[in-house]
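Look for subunit A in each of the two complexes below; its partner is subunit B in the first and subunit C in the second.
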Partner chain A sequence: MTEVIATNQTILVVGGGISGLTAALEAAETGKQVVLVEKRPYVGGRVTQLYKYFPKLCYPTCGLEINQRRAKMNPNLTILTMAEVTDIQGEAGNYTASVKISPRYVNDNCTGCGDCAKAVSAEFDDEYNYGLGKRKGAYLPHRMAHPQRYVIDPAILGTEDAEKAKTACKAGAVDLDMQEETVSFKAGAVVWATGWQPYDANKIQPYGYDRFQNVITNVEFERMADPNGPTGGKIVRPSDGEVAKNIAFIQCAGSRDKNHLLHCSRICCMATLKQTHYVQEALGDEGKSTIYYIDIRAIDRFEDFYQTVRENPNVSFIKSKVASITQNRENSNPVLNGVDTEGYHRYANEHDLVVLAVGMQPSVDKSSFPVDIVINEEGFIEPATENGGIFAAGCSSDALDVNRAVQQATGAALRAIQVVNRVAGTEG
Partner chain B sequence: MSDLNTAMTERYRNSFLMEVEANVEEGEWVKMCMQCGVCAGSCPLGNAWEHTPQKLFMMIRAGKREAVLSSDAMWMCTSCYNCIARCPRGLPITHIMHGLAHYAKRLGLVPKNQPTQQFSQIFWDNLMKKGRVNELKLGLSMYFKDGFGQGIKNAMANKQLGQNMMKAKRMNAMEFFGGHGIKDTSGLQKMIKKAQEIEDAKYQGNS
Partner chain C sequence: MAKKEVSYYPGCSSQTGASSSNMMRATQTMCDELDIQLNEIPDWNCCGASIGYGGGGELPRLTLSARNIALSEQHNPGQEIIATCAACWLSTREAKERLHEDANMFRDANTALNEINLKLNNQTPVRHMVEVLVEDIGFEAIKAKVKKPLEGLKIASYVGCQTNRPFGIAEESFENPVYLDHIIESVGADSIPTYEKKVQCCGGALAFSEPEKSQEMIHGIIEAAYDHGADLIATPCPLCQANVEIYQDQINARFGSKFNMPVVYYSQLMSVAFGRNSKDSALDGQIIRAKSLEDIAGK
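And now, the complex of A and B:
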């Protein structure tokens, strides 16, 4: 059984992405008790799936490692993975949370040796790689996963694979009888940091993401560019595995659009500009990037980054929101159709591969949110007094890049600390 | 050029956008266009346009009054609604197209022999006579709009279509002599006249 010791002076953090992790660590390092509840088998959230960060083009693993070390060293922080909050009752200073923990079928004796993965054979779509690759039924979600503990996919239970994994494990870590559990505990304040998800590209009908293999999304492109990713860092066309040399990026795919997300997702212009660096890095002068945009929003200090990309002769810019994509049947090349705003010329441009710069949809489910909370028309949590002791952090509050998400999460941690300090004041 | 056109030019001298906002159906939406190009790229008319909706909206903002109002672009719209369905800003583009056409017509700025405009006029006149469209006369008026000789040619070219329509009882040759109508034609005509007066007054007030 999982045991969680918590009081009204405990801070509950929901979501262990970079924002939740930051809020949890900042609060724990001031001496507060913190429980972090993360749905995935590991912490770090979506940044673990990025190859490099703008603007410095450094690796996300670097910052994550520091955070993981901070987490390991801090006795005030309890991390529950594969866990979801199912209910929250009460008010600021006195909440009771119920958390459902799914069985991992691997206990904390796991040394991360990987023998179980070698022993099993069935393969599944790898969610970490957005389905671009396969993983085994006993797996470590990704190379740098924290905790470094394997997971057994419930789909192999009752099959030979499950027994094979169990037999292979010398540490006695595989526990096929593990059950789902629900724990409830007290908390004085809650930091809500469930982040974002890529907007569902299937909904952008004219772009044919569901029909054309060589139309992919920016999050998939991050995985493709990563040398540790499913293609070993090769930028290829899903239709034939050929190297893609002439790549189009379509901005605002599903953002700033009353049929999709109303808001500007704010990071996708920078993400695309960054991804042209990936093309340059992988293919040199052979790789050509074309960015179709309404306007480039390289917010505040990122102007320099934009200008550098502008100067790259291998990158061109076309001011136009693409109207539709069709496909050249002979070579499966996507053909982009539209009208160029600078001159109003009609075009039908063929490319090897198209990357849709899909936007950020908040992962805040209004209908199943455990308590009453003020959510704006874009789906983000508003900073409202009605929310009591619940504070949004990171992309639950707005479309933010990592730097801003982390700053915002630190602010949310401070709010939560103020609430539990008030409780401490009255309880003595 | 009409008096109304002169009056409008005087009144909105500096801002064609304001003129459009005040006088064109759904004109107040024009300023919401972010020039993304989706409507232009989605319109099935493709290269047949003199100006796409996107371009027309920019021209309005740029004060290109003559070029917009005397253009035949808005008359080309087929009301397919592709643009409305896709516009990220939700502009009622189709309706603005028709609004612009209507306004240009009111000001007497429609290009000569613009076929959509001609058809619309013939359709309207036909409808006003009896309160119902007389399909036979409508067809004939269209055939003969460019003179007798051309009319015969047009009629011969579409002979089969006409015969088929008669066979399917979609058209009746007897309609040529009068044709059927509604019960109270003069009542309808009075109603329309009143509506026209109200509309005229509105434009006069705006000018």
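And now, the complex of A and C:
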């Protein structure tokens, strides 16, 4: 049974992505008690799935390593993984949270040796790679996962694989009888950091993500560019595995569109400009990138990054919202149809691969939110006094890049600290 | 199964003697087999179709269909209006929805209808026959009725625009609707899920005024069907059927092609598969004969 010791001076952080992790660490390092609840089996969220950051083109693993070390060293921080908040009752300074913890079937005896994964054979779509690759039924979600503990997929329970995994474990860590449990505990303030999800590309029907294999999303492209990813860092066409040399990027795929997301997702321009570097890096002068855009939103210090990409002769820009994608049946090449607004030329351009720069959809669901909360028309949590002691951090509050999400999360941590300090003051 | 009674009107293109009267005949046969009773709206009028947008204004256009709905409410009370023609469905459903949303327009339409002693309540659901097949009857029930499966036939599903936008069939993708593929499979034929011209414009009424442009689009629709090895094209829409079938000679002359592709309605496929003869299935209404269907119907 999981035990959580908490009082109404404890800060509950919901979501362990880069924003939640930051808020939790900042608060814990001021001496506050913090409980971090994360739905995935590991912390770090979508940042763990990025190949490189913009604008410095450095690796997210670096910052993650620092944060994970901070987490391991801090006795004030309790991390619950595979856990979801199901209810919150009360008010600022006196909340009670209910948290459902799904069984991992691996206890903390796990040494991360991987013998269980070697023993099992059934394979499943790998969530970490957005389904581009496969993983086993006993698996470590990714190489740097924290906690560094394997997970048993409930789908193998009752099969031979489950027994094989149990037998293979020398540390006695595989516990197939583990049950789902619900714990409740007190909290004075809540930092809500459930982040974002890539906008569902299937909904942008004219782009044919649901029917053309060589139309992928920018988050999938991140995994493809990663040397540890499903293609070993090769940029290839899903239809035939050939190297993709002539790549189109479509901006505002689902963003700034009243049929989809109203807001500008802010990250997609920079993400695409960054991804043209991946193409250059992988293919040199053989790799050509074409960016179809409404306008490029590379604000303040990102302007230099944009100008550098502009100067690359292997990258071209077409000012156009692509109307539709069709497919050349001979070679499965996507054909982009639309009008180039600079000169008003109609085009039907064939590419090897299309990357949809899909936008950020907030993962805040008002209808199932545990308490009343003010959410704006775009689906983000407003900084409203009605929210009491619940403060949004990162992409629960707005479409933000990592840098701004982390700054915003630090601010949210401060808000939460103010509430629990007030409680401490009254309780004296 | 209890008999389902619905209110309907054939519309201009499917009325007796008109170009797609064969669609009505096949629809009637299909409905007989599925235990659906079609009750015609007495003295129905033109839905306005595309020409209604060209002149006359919004109120007269909507009132045309409002009259049909009012007549249906009076003569076929309690029955849903089920459109068999794609354009009738669009116009009637649009009228119903607009008059529902706009209280002033609703009042004005009723003022006009009052002159002929009609009153619109606007409480009648307006649906397309395809919705009845997909939602009320279901593919499994259709499959169960099949006596002569259309085995070995490869059929391109050409959905066109009017049953697809703006309303569409619930849960379907606008760019890649699959209900017609499912119907084709339910009657034992092979569908072509990757047929890329499913929702290509057939030119609509512009087939008369802009033949060059329309025929280029129609050429693409037929060529893609041949490329996929199709024996037939099936469609739910009278105008799609007419445009894709009847201009093939002109298209052959213009493009040097040798097209001779039968274009039929889903209701004809179903009538044949349900075991009915060529006449009941209205195969005699084709300009390009659907020999393969005739053979199955004659067996």
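Simple rule for what comes next: the second predicted complex is superposed on the first by the 428 of 428 C-alpha atoms of A that agree within 3 Å, B and C clash if a C-alpha of one lies under 4 Å from a C-alpha of the other, contacts with A are read in each partner's own complex, and residues count from 1 in each chain.
Please note the rule applied: contacts are C-beta pairs under 8 Å (C-beta built on N, C-alpha and C of every residue); 3 or more make two chains touch, one makes a residue touch a chain.
As the structure is a prediction and not an experimental result, all values here were calculated from the model.
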Return first, second, both or neither, reflecting whether A:322 touches subunit B, subunit C, both chains, or no partner chain. first
Based on the superposed arrangement, let me know which partner A:332 touches: subunit B (first), subunit C (second), both, or neither? neither
Pick one for A:312: touches subunit B only (first), subunit C only (second), both, or neither. neither
Could you look at A:74 and tell me whether it touches subunit B, subunit C, both or neither (first, second, both, neither)? neither
Once the shared chain is lined up, is A:206 touching subunit B (first), subunit C (second), both, or neither of them? both
Quick one: subunit B or subunit C, who's touching more of subunit A? B
Look at A:98 in the shared chain and tell me whether it touches subunit B only, subunit C only, both, or neither; answer first, second, both or neither. neither
Subunit B/subunit C common contact set on subunit A: 206, 324
Contact residues on subunit A for subunit B in the complex? 206, 252, 256-260, 294, 320-324, 337-341, 344, 346
For the complex, which residues does subunit A have touching subunit C? 205-206, 208, 210-211, 324, 326-327, 329
Residue ranges of subunit B touching subunit A (in the complex, touch as defined): 34-38, 40-42, 46-47, 51-52, 54-55, 85-90
Name, in rising order, each residue of subunit C that touches subunit A in their complex. 173-176, 194, 196, 227
